[in-house]
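Dropping a structure here in structure tokens format, bear with me for questions.
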Amino acid sequence: MSLTEVVDFLEREFPQIHHGGRSYHLEAVGPLRARMRMDHHERHLRPGGTVSGPAMMALADLALYAAILANIGPVGLAVTTNLNFNFLRKPGTGSLVGEARLIKLGRRLAVGEVLISSAGLDTDAEDLVCHATGTYSIPPTR
Amino acid sequence: MSLTEVVDFLEREFPQIHHGGRSYHLEAVGPLRARMRMDHHERHLRPGGTVSGPAMMALADLALYAAILANIGPVGLAVTTNLNFNFLRKPGTGSLVGEARLIKLGRRLAVGEVLISSAGLDTDAEDLVCHATGTYSIPPTR
Amino acid sequence: MSLTEVVDFLEREFPQIHHGGRSYHLEAVGPLRARMRMDHHERHLRPGGTVSGPAMMALADLALYAAILANIGPVGLAVTTNLNFNFLRKPGTGSLVGEARLIKLGRRLAVGEVLISSAGLDTDAEDLVCHATGTYSIPPTR
Amino acid sequence: MSLTEVVDFLEREFPQIHHGGRSYHLEAVGPLRARMRMDHHERHLRPGGTVSGPAMMALADLALYAAILANIGPVGLAVTTNLNFNFLRKPGTGSLVGEARLIKLGRRLAVGEVLISSAGLDTDAEDLVCHATGTYSIPPTR
């Protein structure tokens, strides 16, 4: 699926992510990869202006889901079965970017990792705010 | 801390969880334990009316945080360092309940697990919709 | 499968666990459950006489595998896809026991948790040395 | 610490890894990194000649530990607090290599990831047999 097709699919399947205003934006998709940006929005922030853990977790899950869609097509029923998060540093107050990479894309399971960092920074080790891995069960009838 | 004290603390530290309307309710705290309910709310739902993964992840994180607060006092800066989720079954359309239990409460680290099931059901294996474990770093100066 | 049948199956499929001498013993199986004991053995110990992390990880994986076998029969090709470990306390120098409980047993995936504690102690929160969760992919042709 | 110093330290602290014959070899250390090789050895193998899960878990834990030692010195009491493994493909019958990279190296916690693949292959997504993340608690008095 192209970038536009994945964006349209996510709009239909995950409309709740835009509840209260748009802040998740799919920036790019490619072979085994996707990049998702989460803009600053009041509903994601903790006191002090830093992004909350659950907002980062949603970003990681969405970025991985987008990478799967881009690489195997509109699998509406692909299901998240496991997510693991290591929270590394307090994020800044600006946008965050999640770089997702699939490390397995089998017939039944897809596994990927996501590196989350502040927008505009590299995903070097010293800039990461969160590292996530996720597993998705792919429906048998595709 | 008592139930009321924990509720008040969470209101101050995590106001964003009520953005768009209240749906998280701390029901009980006790030795190494806390129970948090998440009511049905449009912003947590996926098409079809089932609760989204990120909404469950927020519930688990909050329930564990409440259990730590209840057992060691107002540690405003306790930081989530790791969260692991296994999503087991599609939740129903009603409220969800997260039962948190701390399995380690040390000076520097707290570790706990959360069993999430539909409100009104047991936390038997066959009713769980999500199992989570979490690790929290406790600030040294408490 | 009965306790004896699971033990025989593990002997054939995982003979390497006994390399250097027997120390893993399946003590019980039941509905969604299994209990595995790991006896003190030089090859599992770190300096100071405490059990190494990898020895505990092997115990958890085996206990979950035994619980799956006991509940769905000889699935020789069931494959571990995810394991998550929280190491809670330094174990003592005696035997360890892993209590495995399946929290999902579907057609394609099984998920379970294992509580590891010193033999003879309860699996109360304050006695746990390790908590693990695991996911197993079940072959489609059973 | 240099490569030689880390090797010597591991020999003293983890002699049990060589129980039954040497198969773990630290190949390189560098800024935030370490590479550990695990050679083919009967005690690591399952029927069919593939490397067992616990043998890979030991490799990941050791590689991360080596990366920490190389970067902060002989912290004999650094303790593994969390390990998460995604098993991606059945490994071949030859040696395995674990490439460890620290993604956080704080005063109290270190977090890293390990990519395990067959020796001689790249760590491209399609060659990985296991992905692991680990968290280590660093003693306060160093």
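The first chain written gets the first letter, and so on, giving A, B, C and D; residue counts start at 1 in each chain.
Convention: contacts are C-beta pairs under 8 Å (C-beta built on N, C-alpha and C of every residue); 3 or more make two chains touch, one makes a residue touch a chain.
As the structure is a prediction and not an experimental result, all values here were calculated from the model.
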item	value
Starting at subunit B, fewest touch steps before arriving at subunit C	1
Pair of chains joined by more contacts [C-beta pairs], A-B or B-D	A-B
Where subunit A and subunit B are represented by their mean Cα positions, the distance between them in whole Å	22
CA centroid of subunit A to CA centroid of subunit D, Å	28
Approximate Å spacing (C-alpha centroids) for the pair subunit B, subunit D	33
Overlap residues in subunit B, where contacts from two or more other chains coincide	81-82, 84, 86, 111, 135
Contacting residues of subunit A [partner subunit C, same complex]	81-82, 84, 108-109, 111, 135, 137, 140
Residues of subunit C that touch subunit B when the two form their complex	32, 84, 86, 88-89, 101-104, 111, 113, 125, 128, 131, 133, 135
Touch list for subunit A against partner subunit B, complex	12-16, 19-20, 42-47, 52-54, 57-58, 61, 79-87
